[in-house]
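In what follows, chain A forms one complex with chain B and a second complex with chain C.
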Partner chain A sequence: MMAYELHLLTNYLIVGALLFGIGLIGFLSRRNMIVMFLSAEMMLQGVSISLVAWGRYFNDLDGQILVIFIITVAACEAALALALILMLFQRRGNLDIALWHDLRESNQPPYVDRELPETPPYASGPWPSLTPAGRRPDLPREETDYRSHV
Partner chain B sequence: MNSPQAIFVAATLLGAVAMWLLLPRGQARGRPLGILLGTIGVGLLASQVPRIGRWGEDSVFLILAAVTVIAAAATVTLRNPLYSAIWFGLSLLGTAGLFLLQGAAFLAVATVIVYAGAILVTFLFLLMLANSQGGAYYDRVAWEASLSAFAGTVIVGILSMTTIDVLADPSDRLVAAAATEAELATGVLSDYPIALLGGELFGRHLIAVEVAGTLLLAALVGAAAIVAQSRSNRPAGVSDPGDSPPSAMTENQAKAEQR
Partner chain C sequence: MFSIPILLVLVPALPLLAALLTAALGKKVLREQSHWPVVAGIGLSLLAALGLLAQVRAAVDHADSGQVGYEQVVRLWTWADVDGALESESPQPIGIATLDFTIEVALRADPLTAVMLVTVTLVSLLVAVYSIGYMHDDPGYWRFFAYIGLFVFSMTMLVSVSNFVMLYVFWEAVGLCSYLLIGFWFQKPAAAAAGKKAFLVNRIGDFGFALGVFLIWTTYGTLSFHDTLDATGLRTVGVLGQTRLADPSLYVGGGVATAICLLLLLGACGKSAQFPLHVWLPDAMEGPTPVSALIHAATMVTAGVYMIARCTPLFHASGEAFQAVAVVGGFTALLAAAIAVTQTDLKRILAYSTISQLGYMFLGLGAGTLLGITAGMFHLFTHAFFKALLFLGAGSVMHAMGGVIDIRRFGGLRHRLPTTHWTFLIGCLALAAFPGFSGFFSKDEILVALKENSLYGPAPSLYGILYLAASLTAFLTAFYTFRAFILTFYGPERIPPEAGDHAHESPRRMTVPLVVLAVFAAFVGAWFFFTHGFAEFLHHTPSLAYAGMAAAETETAAVHLKVMILSAAIGLAGIGFAWLLYVAWPKTADRLAAAMDALGLYGLSHGKFFIDQVYDLLVVWPLVGLARASSWFDRRVIDTVVDCIGLAPRGIGAMLRSLQSGMVQFYALAMVLGMLVLIVALLV
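This part shows the complex of A and B:
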């Protein structure tokens, strides 16, 4: 009986650690701001799994209550992160976090993109587009340059 | 060489190489090899984890854990951010299943409800903002893929090695604190887990609930303020198209950019 509960705890803690590590790798290495946001959420999920496992081991509901608060804080974080992403996108017209590398420390060298072969389009074709409806809005020319064709 | 430490080191290194191969590096070569190495690495790690001991629970747990971890790895490594969002949703469903197995019924439902909305919003943002033709530069190249893959897998290796090491030989205090089946039946695994959870949440943790509500309100106001501020920074002509010709608006915006 004892070994059963311990083994259960071990298994769930390992899954939590794996989720946390994968989310960490994504947050550190991806450059798309929205994918970075998803990775941060994934790290929270890993911690939540560990908390629920400990809560079951000690038969204590506080583990689950802490996860409820994690979900609350994650919702706040999502609202702020998406607002920030929207604002940054309006400034530079791109989701690339590397465009903001002038926020780096003064003694760091700038990041330089290396040359890549020509962009291969998605094999499945472009994303679906919505049927136009109503009057076409007048957009400033700069905005039409980077707007995606949705 | 058969010691557990050597196996953990091997699993960590395999995982690091696999994540490096899977992350976008400007070319698509080496992904099958990455999947193979990653599977071997996770398999080595799983071989060190003690099985739960009841085959039914074992198999359900293993399937859910595999779905969660594979979907998580796909979220992080796929180039198309729309696919990332979909795989993240699958990973969340796996997490909800794991919660349910642990007796956290309310959390399982709450995760699905809250994050289904989050995924939907993320999806809309991607359709609105990302490059729909595909192959944006920033989706095809990762920052320092080797370093971040190494850092992440080393953290997982150390965490899992210490966890398995400590829990294989637990202290008497830890063993004494474990819940018995009779205790669980009136606690976490009782017939009315949500009622117990609600009683606890609005009893002992009432002030924390109030603080969480305040935090939500503050985040709402903050998000609105950020968006409103970025709107007011733009020239007046943009918010009211049709008043002035496009060229004038472009000049206005150029002035705003210079400021």
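This part shows the complex of A and C:
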């Protein structure tokens, strides 16, 4: 019985850790604000899964209570974050996080890895296009660069 | 009309009121009329003091025989009262184990105080009137009179309080007034430096005085002069109170008594400019001349003499302390007279003369006999008049000469300044102890006291030497006084260019005080000599009437007459010598100076025995060096360390600033890395 429970816990923890790790990597590597937000949510879910798993393993409800809290908080957070993202998008017409580094030290030069094309607000339509991030995969440009929506 | 307590309070209160009024209204309202409150205040104060003197005189005659001397203590209020401040095994006659520390603000009326009050207020009034003319048009006119009023208040309090702490307070207060008035023209660097020097040198003396007061407290367990009865009927025996005076065995003798007396003497040396601490008085001549006359000749500098006279029983208890007083006084008298012989600044000659005459007073006190102490006080009394007269005369000369005071630069002024000339002559005759003038009688009394001590006293050879020193001083005094007088008023008329068209007699309000003082300088000595009033009156002072004193009376008329003839001869010889050198054979003076110079004596005297330079070398320069080194250490070392500590956060911040790129992902990465570090740290 114990071995089975332990096995089950391990599996869930692995899944949780994977979810957390993917979320973390996604948060660090992507520049689109919506994708970063999704990654953060994914990290939360990874933690939630491991909490539920621990709760079951120790046979109490604390883990699950905590998870319900997390879901509640995440819902609020989603509302706030999406509203924020919308505001930011309206300012610059672009979802690239690299456009926002106003909180740097006043005497630090802005970090620019590549000049972004000047896109006036709503010039390219009501929806933003995804900005390239990370290492560019070796894919045909015509197919990959074209996205009708996110 | 007024009773003694009211008069006693009025004497200091009126000048204080005047000073406060002048200080408050002088600048804006009174301006050129600022002298009125102070002159009126001092004038009324003089009337009160005279009334007090009359009442004390009357009371002395009817004093009950059970009392030692005559005293009346007016207790105003209690300033401090600490219960059980001292666990004492000291020889309190009542044998109390714990003693209360009480400072009573109490004024006392006795002959010594009455005489001092009259002297102080009389000279102050004349000097204040003189100042109306002398300080005319000075921008600090109102300030001057406010200070003078404050000084008269402090000085009258000094001589009438009945507690060592209060004595110390007003001792400091007159020092403060002296400082303010020496540095009255503080724009002049020499005046500012002189004020500072006077204050600092006095600080040394005052430190000794304070230690003396502490020692009196631990020895006697009280600081009051008078006996006090508290509410429970418990009697505290004052240091100079009736109980102790009636039974001299209650005084502590031996080493403690000597220590107390020497510390008090140090305080007196500071205030009265005696030998090791005399250096401030000549420099104090930078102040206005009325100040020199009032504070640095007639009144404040005599505070030391007053204090020693007041503490006579303490000095008697020690035995040897009076000899220390006499030695200090004798040495100072001779030293200052030797310096005064070659000085060329009229005010400085008078300053050294003051030091010398104060030394004379100390000699009189140092005799330790009733005759000697009353002689010292008598000399204080006469000196106040003739030295104030001389200083005011010098001020009148200075006024006419446009501020020039160097006797080499003017001469033959007797026709231009007739009143000043005649009054100055009377002052000089009094100072030179010309027979018949006041200085002659008082100085003679001191010499008699010394002579008697050398004949009948416990230390005959010491007092014999001091008698010779005093005689030599008398000769030098007569010589330098008339040197200054002849060089100023006789010979061909010379007037320095600074005088301009000013070289005329001073206005009436300056000459009238001169004439009044001249009358006093001429006649006050003879009057009291022939009536014996002064000494007999002073004998009723408790400190002088006490039981330990009575035995020491061995005055003989023969000694008196011999000394009197001798001192008259000495005074005349000094005057004659000055006349020979500066009138009869004018070349001889230079030749004698050259001969003395060859022996090194002239330079020594002219350089004031280089005491200032020795003090510079031994005290001032090491301290200045220490101050400079400390300043350097503070600026260079401590400040650098502090600055480095201040710069460190800024430097560290500058290093970390490049991390603040504003990039969200970098912050996230930093968080992740930090978390990893924490995890690793937890696991390891």
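What we mean here is this: the second predicted complex is superposed on the first by the 106 of 150 C-alpha atoms of A that agree within 3 Å, B and C clash if a C-alpha of one lies under 4 Å from a C-alpha of the other, contacts with A are read in each partner's own complex, and residues count from 1 in each chain.
In this section, contacts are C-beta pairs under 8 Å (C-beta built on N, C-alpha and C of every residue); 3 or more make two chains touch, one makes a residue touch a chain.
This one's a predicted model, so the numbers in the text were calculated from it and none came from an experiment.
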| item | value |
| --- | --- |
| Touching partner for A:F58 - first (chain B), second (chain C), both, neither | first |
| Which superposed partner A:N107 touches (first chain B, second chain C, both, neither) | second |
| Touched partner set for A:M43, first chain B, second chain C, both or neither | neither |
| Touching partner for A:L28 - first (chain B), second (chain C), both, neither | both |
| Which superposed partner A:A98 touches (first chain B, second chain C, both, neither) | both |
| Touching both chain C and chain B, counted on chain A across the two superposed complexes | 24, 28-29, 31, 97-98 |
| Chain B partner contacts - residues on chain A that touch it in the complex | 1-15, 17-26, 28-32, 34-35, 37-39, 41-42, 45, 48-49, 52-53, 55-62, 64-65, 67-69, 71-80, 82-87, 89-91, 94-98, 113-114, 116-117, 119-122, 126-127, 129, 137-142, 148-150 |
| Residues of chain A defined as touching chain C within the complex | 24, 27-29, 31, 36, 97-98, 100-105, 107-108, 110-111 |
| Chain A-touching residues of chain C, taken from the complex the two chains share | 657-658, 660-665, 668-669, 672 |
| Residues of chain B that touch chain A when the two form their complex | 19, 23, 26-27, 42, 45, 49-54, 61, 65, 68-69, 72-73, 75-77, 80-82, 84-85, 88, 91-92, 95, 98-99, 102-104, 106-107, 110-111, 114-115, 118, 121-122, 125-145, 147-149, 151-153, 155-156, 159-160, 163-164, 167, 170, 175, 177-181, 183-184, 187-189, 196-197, 200-201, 205, 208, 212, 215-216, 218-220, 222-224, 226-227, 229-230, 234, 238, 241-242, 246-247, 249-250, 253 |
